[in-house]
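Both complexes shown next keep chain A, but they swap its partner, so chain B is in the first and chain C is in the second.
For the complex of A and B:
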């Protein structure tokens, strides 16, 4: 029983962090219909930046994550201007291939800058925990999860409470319609992409504290992100949150009751199973399709 | 040299160049005994085989995969494991690698039953990663990350890598022949139709699950065999190298660079790319070699998508075309109404007109979208041989009803019978074969096919043998020409469908539907957005076709068109039938006037010209 409760705690805590990590990806898909396969590489970049700043300043890496988010916002802005918006004009079907190219090349650049040995950020509370009876709540996990939830709340408020948020949601519903009522669609898309990418800043910082990472880890992380959004239904923020907790639980269950070696395979198995059986995701609903594509 | 002689010369020149090229490539190991070049050629062949396979799945059928190197790993492990257990040469069991790869490809194809585009890419990526992890973790079978050691080659050292070289060259030639055969065939035409618009393809008699399964098998089987040979060549099979994402990227890059959708593009791309890769490998050493390698390939892939998204071959072909066509004038719109209405081509359907009096019976059909009841207990009959109209306000469920009849939507309740047979459970293509054809409000043509190909892609019955037939030839092509002549577009056969005007596209779609020889033709707003002369022309075409025994069900808002042409008229409002009957009754029906026509509607006298 304790093992089960403990597994649930681990699962939910990591799920909160996963939710933030995949929120940017699912938002970008929901609004722009872009599958950004560079998201994993961006997370790893966020992790390296946070780790690097922590090494040089000694400030708490999770706090630094807020700063990393600002940097990642800039990276996202640049990525959209230089690559995504261009490919979308040329052939939207190739956006995915282009983002994958960015991921691969980005991994190479990260390896050149920081090398290929394992890193992780280890602040003072690393490996210490709160104790609830016989249950353990690791401090790093708890702080990362709380930070992620706070940022998710901010993101939600941004989308629902500001003019930019409303414009973005208008673009998501109909680009032409948004343009007709005077919304600068291009600017909106760039903002959306940059904001979505900014989530990899704090996400990366949490990754740096909770996991060891190498440039190659981007494969594993894009796998996790894809799994989460497929579980929750592509494009849905709430779905991503639920999918994140589910994946967190599935992974901690696998390592607790089966074999840690297979934990990394869980996301891929879930992806294939879900897309075979229920492609709209566990929480997605079938919407009315138009008789003719626009 | 005259144009004819030049064509003659080029007809002999092309196979000549081809045979010469193959002979040259085949002679390389005989000319030089430098292992470096043999190795480079072997890796080039391997990449070209993967890229060609990828091209059938992604270039023809439009299912982009980022995990195509998985089939290399599958082939290598299958052959490696069986060779070790049975104590035979990996060459002997290499075909088994192809079989396993084909089976996995079929499984991957299952995913495409319900998902498209982005979801498929995700699955292909996940499959590659998962297989890599299985190879790593299932140590009792695969020896894990330690790798599987294969037997040493048994032939004399004097022959160097020859057996690998010729095996892979043979597989590459097979890949090219297969790619070319598929592209020329009806199967290939159907795959392009699937790429452009899969739902529409299903509606014109392309049995999409079968087409896709065949394409997936074709794109994997030779890659699997090549993987087996490659594993033997490397000498030991290990997860990292066999399920390598970078190899997948290289294959995608090769196909994009050379030109996806073409036969030679992926091969050309591989022959450009692999030597480059070898050169960079031998010049970049040290701990950063791997990083530079992925930067170069990732960067190149990015540059190709941004600068040369269609690839070298299509780009060059376009350029040549433009030069050749410089002084030729294109066909412009002709006034169709001036020519007399031609004889309507007879239906080739054997049982045409033999069915019962009621051709289509819709009973109590409903369709819900979440909480919205788009159709709510719809019940009506379409008499055989009639021109039935379906009218009603916007949003009353007319197009939804069309989708429920042709199988685009699964109904939430009720029954659809066609020719006395329930068809509610039939697939979309099944209903097409049963004899239902439809057009769309906004015409849906396959933009990358020509007008003739658009029509020839349609077929009203299934035949396995026809799949291998040449795409546009023989009786089928003659029939397509006849139908296009009938709708008045005989001059546009080789125009791309994407270049046509809205009205012309509507006519092509009509010809496409006629190609199915349907008993019931459903037209969704045929008169919307086209000029008045074309409308009356359309009415004449419909009438001529109706006289040959074809039944029509037409959704239309142009009341003059409806009242002069159709009988009976069915009125739909809020998803239910509120009235049906002769046009004259309908236009006086109080409820219909209130729900649709409006108080100020004055029934027009039926125009004399159209009343004949």
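For the complex of A and C:
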């Protein structure tokens, strides 16, 4: 029984971390229909920035994640203005290729700036845990998980409680309709992309504390993020959270009760199962598309 | 690298292939002024193709520099057989087909005098065949997979003291030398799913079982595993006295971090590869390295002839300490130079015969080979002690006379 409870705790905490990593990706897709393959590289950039600031200031890397988020907001804003919006005007489908190119170029730039050695931030709690009787709650995972809950709450409040959020949701429903009622669609899209990218600031900070990373680590994370959002339903914040927890639990349970060799295959098995039973994902909805412009 | 989608891998392959092709063309044009056809005057050309671009480009940079350092050093001393040495280096982009094409070209079109090897078992598996077919001595700096030597090639030589087959030897001997009452009674095996580590883990299992050490946990995990908490917790439940971890890179520190989180500290810990990584101590905390064992093919501190001069010279030249790959390249050069000098002429068959019957003193220790080119030595057994990776066996190379048998608890 203890092993089961412990495995569930590990699974939920890992799931929380995964939710943190994937929230920006699903937000950008939900509103802009852009599959941002540079998300993994942006997470790693966030990790490098947090690690670098932690090393030079000694301030807690998770707290520095707030500052990193501001920087990543700026990176997202620039990326949208310089690449995404321009490519979208030519062909919206090209954003997939463009963001992939940004990911490769970004990996190269990160390697040039920080080298290819492995890094990780090691604050005092990185390898310690809270003990609840015989149960263990790793501190870093717990803090990252709480950060994920706070971040998802903030994003939810932003989307539902502010004018910008309502404008963004209006754009997500119908860009033409939003423009007709006076919403600056281009500005909304840029804001949305920048906000989605800003999440990689805190996500990257958590990654820096929980894992070791190199520029190439983006491959693992973009793969995992794609699994999570497909599981939960592309574009659904709640779905991303549910998909992330489901994935975390599945990985932990496989590791504890089945075979560690299968742990990383579990996401793909889950995806196949979900696509067969519910192609739109757990929380995804099928929407009628806007008519093609004449 | 392990987890990317298919599109990404294809794009990478295309990019790597284009880059390799471009660099090969550049190399072709730049080598047009070099030696065409073997001659007994002028510089001795030594051909090689290295993965200078592609997924292992960062690692192979040190290997290339090791060769450069060796060539510069030998030229400063007057060259080989009184002739200057000139390296003819192509880029294979870590692509097997490109590597085969490059070595074929170096032999058939460039008519290089000698060859030196590329990196990894992956590339050397096929390149060694090209060299053998053309009867060229092929000294490889890395690539210790059994399958390479199973073909009994005459011209192939491995420039490291041992292969994976001998990896457990010194650690198992150490366990055997302990008084029976102090020996660990139980062991957990946890291994990354990789040919190198899996083979080593299999050998450890057999040899430790022979000493009566009972296995209480055994698992293999996928290469892209990043969460080790559940694995560490399962090992904690099994409560082994010794943990043997077949690690390759960041999985070594990751498992230790998870051990710390779940509050489990084995009395003895052996990890492959990871403890020699420069970021190992910083990723788990320097004090937590104490007592961890590993096997090394090379140590910059080993007191073998020429090693300390190599380390200081290389560090001054490239502004950084030599990696194991750099040392292995330099060693391959040392082996080639020793054989050519002893034979007194460039005669591939005579060079191969000489290497099969002699021992060469190198910076990784004395090297000699079986008929299939496999080295006859053993790896070094190293242990982290007071924040430094010290060699504890063999005694001829030891940098520390003490062994920490009981690993202290995590700090």
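What we mean here is this: the second predicted complex is superposed on the first by the 262 of 294 C-alpha atoms of A that agree within 3 Å, B and C clash if a C-alpha of one lies under 4 Å from a C-alpha of the other, contacts with A are read in each partner's own complex, and residues count from 1 in each chain.
The rule is short, and it goes like this: a contact is a pair of C-beta atoms (placed from the backbone, for glycine too) under 8 Å apart; a residue touches a chain by one contact, two chains touch by 3 or more.
Given the structure is predicted, the values throughout are model-derived calculations rather than measurements.
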* Answer with first, second, both or neither: which of chain B and chain C does A:14 touch in the superposed model? => second
* Classify the contacts of A:219 with the two partner chains as first (chain B alone), second (chain C alone), both, or neither. => both
* Answer with first, second, both or neither: which of chain B and chain C does A:239 touch in the superposed model? => neither
* To do: Please work out whether A:46 is in contact with chain B alone, chain C alone, both, or neither, and reply first, second, both or neither.
  => neither
* Touching A:203 in the superposition: chain B (first), chain C (second), both, neither? -> neither
* Name the contact category of A:264: first (chain B only), second (chain C only), both, or neither. => both
* To do: Could you tell me if A:256 is touching chain B, chain C, both of them or neither one (first, second, both, neither)?
  => second
* Asked: Thinking of the overlay built on chain A, is A:126 touched by chain B (first), by chain C (second), by both, or by neither?
  -> second
* Considering only touches as defined above, state whether A:118 meets chain B (first), chain C (second), both or neither. => second
* Would you tell me the residues on chain A in contact with chain B in one complex that are also in contact with chain C in the other? => 100, 104, 111, 116, 219, 222-223, 226, 261-262, 264-265
* Complex interface listing, chain C residues touching chain A -> 1-5, 7-8, 11, 15, 58, 190, 193, 219-222, 224-227, 229-231, 233-234, 237, 249-250, 253-254, 257, 260-263, 277-279, 282-285, 410
* **Partner chain A, residues of chain B touching it in the complex** => 64, 66, 110-111, 114-115, 117-119, 121-123, 125-127, 129-130, 133-134, 137, 197, 245-246, 249, 252, 256, 287-288, 290-295, 297-299, 301-302, 305-306, 309, 369-370, 372, 374, 399-400, 402-403, 408, 440-442, 444, 524
* **chain C partner contacts - residues on chain A that touch it in the complex** => 3, 6-7, 10, 14, 100, 104, 111, 116-120, 122, 126-129, 131, 136, 138, 141, 211-212, 214, 216, 219-220, 222-224, 226, 251-252, 255-256, 259-265
* Asked: Which positions of chain A touch chain B when the two form their complex?
  -> 29, 35, 37, 83, 86-87, 90-91, 93-94, 96-98, 100-109, 111-112, 116, 215, 219, 222-223, 226-227, 230, 234, 261-262, 264-265, 267-269, 271-272, 275-276, 279, 285-288, 291-293
